[in-house]
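Look at the two complexes coming up: chain A is in both, with chain B in one and chain C in the other.
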Partner chain A sequence: MPGSGVNMTVDAGPVPSGERPRAFKVKIKHWRTLASWSWNAGDDVCGICRNPFDGCSPEAKYPGDDSPVVWGTCRHAFHLQCITQWLSSQTEQRCPICRQNWEFKSAEENEE
Partner chain B sequence: MAARGGGQVGPAKKLKIKPLKLKPKLPANFVETTWAKLQRSIQAVFAEEKVAYSFEELYRAAEDLCLHKKAGFVYQNLVNECEAQVTRVLGKLSQNQGSTFLSELEKEWQTHCNQLLTIRSIFLYLDRTFVLQNAQLKSIFDMGLQLFCQQIEKSPGMERTLSSGLVEMIALERRGDQSVDRKILKSLVKMLLLLGLYSKHFEGEFLEETKSFYAKEGADKMRELSVLDYLVHCERRLEQEEEKCKEILDALTNSPLMKIVEDCLLKRHLDEILDKGFNKFVDQLKLVDLRRLYKLCFRVGGSDLVRTALCNYVKEKAGEYVTDDKNRSRMVQNLIDLKAAIDKVVLECFDDEESFHSSLKEAFEYSINLRQNRPAELVAKYIDAKLRSGNKGGGEEELENVLDSVLVIFRYISGKDVFEAFYKKDLAKRLLLGKSSSIDAEKSTIGKFKTECGSQFTNKLEGMFKDVDTSRDIMAGFKNSASVQSKLKHGMELYVNVLTTGYWPTYPPVEANLPAELRDYQEVFNKYYLSKHSGRRLMWQNSLGLCVVKCKFKKATKELVVSLFQTVVLMLYNDADKLTYEDIEKATGIEPKELKRTLQSLSLGKVRVLVKEPKTKEVNPTDTFAFHYEFTAPLYRLRINNIQLKETKEENQNTTERVFQDRQYQVDAAIVRIMKSRKTLSHTLLISEIYSQLRFPIKPSDLKKRIESLIDREYLERDASNAQIYNYLA
Partner chain C sequence: MDLSRVQKEIKEISLDKASGISVRVMGNDLTRLQGTINGPKDTVYEGGVFVVDIEIKGVYPFEPPKMRFKTKIYHPNVSSQNGAICLDILKDQWSPALTIKTALLSLQALLCSPEPNDPQDAVVAKLFLGDHPLFERTARHWTRTYATPGQETEGLTQLLEMGFTREQAQEALDGAAGDLNAAIAALLG
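Moving on, here comes the complex of A and B:
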């Protein structure tokens, strides 16, 4: 609107300027918010079940805590249920993707 | 009789009975005189005069004659006497077949019967011996009746006069003539029955008359009376005829009679009755009349028609509610009310017929699914409104009832996934913004869905509750962690709901430049959370963030409950008094649409903490916003975050679109699943398999598109020899 800029200066209205202190007018007391978590495994799918990591492994009913994702020392990630099943069906404990020896990566190692 | 004789003592004398020396003889004219005596008496009885002899004497006389083998003679003479009497009496009557004919005949008949009884008493011995032993002879009473009957048949025109007279009487009575003497009617009909003349002329003529009477009455009354009154009339008529039949007529006449009455009054007019009356009755919940209507229709086998009418009513009404966009907010309540009313009608008026229930289910399903998504969405919204805090009206029990009744409507919805999507979105808002009236009620609602649709349906919804509970634990740990608390310096409290991706509706990320304190807290929480849960990452969702903000105004300090975006905007005023729209946009980094909404809520809502210039009703990029120092309000704590609860058009669209996208995936998945197990399948078989697996409605043409798409993506191929057959490509 072309006239609005002019109006603003003419009719300052209920905003008396100058006299009030410059201290905080607005202070946040409480913040209630949300954050959604997902597995830190990229937007990829599990190499075994081809379901997204954020989805369900075929064995699990629910995504999230019920379908945990684990990493091997080779840095490949799978649903826990998927890799467990894979390993138990194999004689040699190897990563199904890179064929290296499979070892679960510990939580500490995972922190980067 | 020889007894003890001479009395001399001697050898034992034998007692001997000697025959009479002389055979006893009857007086010479024994038969003649005795009969004459009897005859005189019979005639006296017939003439209603005093009988000169005692009945004892007469009985003996009759007995004597019989004993002397004169029974045949007596019987024949008796017949002659009776015949003479009947001829005399009826002969007289046949001369006069005028208005008094029936009553006179009735009188004669009664007299005749009484006289016959007397005569039979006199000749009881004859009746019990001679007559019984001769099968071809009729008992005295029956003989008397037969003579009466024969005489009636012999008299010219008498029979006709009799039956048409009776029919006439009945017709008069039907027209409401009070003077009709039921006694005469009753006794004459009984006479016809006794004489075996009932079915010969009377019954047919009577039924004929009935038919023409009621045919006319049905047509007339249908024209004159309202349907309501007409039905009352019919009911009364049927009762009258039933009662009449019981009282006067032969029981065998009942079924043809009632059939005629039902036919003429009801069956012929059934369509018209239902057409004119039914909807009005249901509209006005005229239970008594509906009950009557049903009972009457049921009598003539028209309950199917009633059912159809009811279903049409439901289809029409429910269809109206569903397609009426103007009164969208009333739709669910209207449907619930309609369903309750119809249930009541079926229970109280239609004998709670099972077939009614199943047809009604179809009718409701049909009309509710006239619109694909609206009803599902509105049902979800309806429940949302009930479960939101601040919903007035009733306690837990009331809420339960409401939920149960809305669940009935829910059952009819074919696109349950649409419902789920909207329900989930609303539930998320209730949980995350602390707007749920009671977690118990929430859980009990979920429980109801679970029993209704199975756990698959509610898995994610339950997951949401789980997340809320887990978050509470996480936050408790966060608050109690000394190392964490030492890092938090702003004296602000943080509460984070940590959501599992997948359970919750997806919120489009809305970026905003958060104030430094919020960023600090975020950072601390992030570290804390990831230290507890490795292998995860956190995505902050701003759109449902909520803050309590202390605002110092000139007169007082207020606490405002605001959305995160509102907070971000308000925080800017710590360093300024007045900002242009552009300033705000630049500083907050909130996208225009969201920003406009936010500014609108702060400057144009009920609680105006910003003053907009110019004072138009829309937010424009050229506006300026000043902090409202003069702001006053009676309350200390003010809520201005309602915009978060409100659903925007985009949100609504997004939800719907997501459902449709989801459906595509589900269809694709179903097709692949089926083809993977079958390898080769014809088009028709595939389609029917798909339909049996899907839980939402979809058009066959859409299915075809999905199949095409899967062929393009090389999941399937058309068989080289037959285009109607698909092969699965591994």
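Moving on, here comes the complex of A and C:
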């Protein structure tokens, strides 16, 4: 996975009305240029549709926007659409790769 | 259907020359494929090439590909009548992380290790457990007869020369597990 761990200052950009515009400092642990943008997943390819995570799920139109990547507590990653479609067709909720019980890993747990 | 995934899978199989499986597209969409499995070495299926009909339905990969042996095969987990296959990953143990390739490789593995206690063909399974030498002779005979491209067994040739029709001769040989004398006896009996 690309990631150089740079620190940078970003402007928060337009904010919803009613909130004061402000600039804040963020620490970016994984920096990617737009050209080589990719999800921070253990594997580069969705285990269901086999499309790269920086591409679309078969149901989505635009890379990234409509194809969020989600993780299970087993650490396997899939497009949200792909895993949702699989789980909704199953009575037992299991990871397609390791067959462990599937539980969505929360966002905080992913930040390490 | 997820066409791009099926296309990728077909390409991946065609690049792998070592695994003894192949797949080709039948017709002009990707819903009908035909796979082949080389009979594994040191089994009664060695030397045979087994054709598997594959149907990819619109919900693939969320449902398994439908697979059926097109080549007649004598195996406890395959119907000797219509080629239907009893294999868990093609049914309730399917996962969308599996592929056409892993399914064909699983079939190849099934040829190495039949599971007669969970049979598709009860008659074949009974013979497998009850008279294993006869099972092996019959399975080898079927491999030579139905799965060996361009080869007519010596027994069949002789029976044809004796004036029996191909159907009669084949049926008698199958019934006699390929034993020519027993087949002749049956035909004349």
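One rule holds in what follows: the second predicted complex is superposed on the first by the 73 of 112 C-alpha atoms of A that agree within 3 Å, B and C clash if a C-alpha of one lies under 4 Å from a C-alpha of the other, contacts with A are read in each partner's own complex, and residues count from 1 in each chain.
Here is the rule we use: a residue touches a chain if its C-beta (ideal position, glycine included) is under 8 Å from a C-beta of that chain, and two chains touch if they have at least 3 such contacts.
Predicted, not measured: the structure shown is a model, and the values here were computed from it.
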> Should A:71 be classified as contacting the first partner (chain B), the second (chain C), both, or neither?
Replying inline: first
>> Quick check for you: in the superposed arrangement, does A:99 touch first (chain B), second (chain C), both or neither?
In response: second
> Which partner does A:54 contact after superposing on A: first (chain B), second (chain C), both, neither?
Replying inline: first
>> By the touch definition at the top of the document, which applies to A:89: first (chain B), second (chain C), both, or neither?
In response: second
> Where on chain A do the contacts with chain B and the contacts with chain C coincide?
Replying inline: none
> Quick one: in the complex, what on chain C touches chain A?
Replying inline: 2, 4-5, 8-9, 61-63, 95-97
> Given the complex with chain B, which residues does chain A contribute to the contact?
Replying inline: 1, 3-5, 7-8, 11-17, 20, 23-41, 54-56, 61-65, 68-71, 77, 107-108, 110-111
>> Per the contact definition, I'd like the list of chain B residues that touch chain A in the complex.
In response: 432, 434, 459-460, 463, 490-504, 515, 517-518, 521, 525, 529-531, 533-542, 544-552, 554, 559, 564, 567, 570-571, 573-574, 577-578, 611, 613-614, 616, 620, 622-624, 626-630
> Which of the residues in chain A end up touching chain C in this complex?
Replying inline: 47-51, 58, 82, 85-86, 89, 94, 96-97, 99
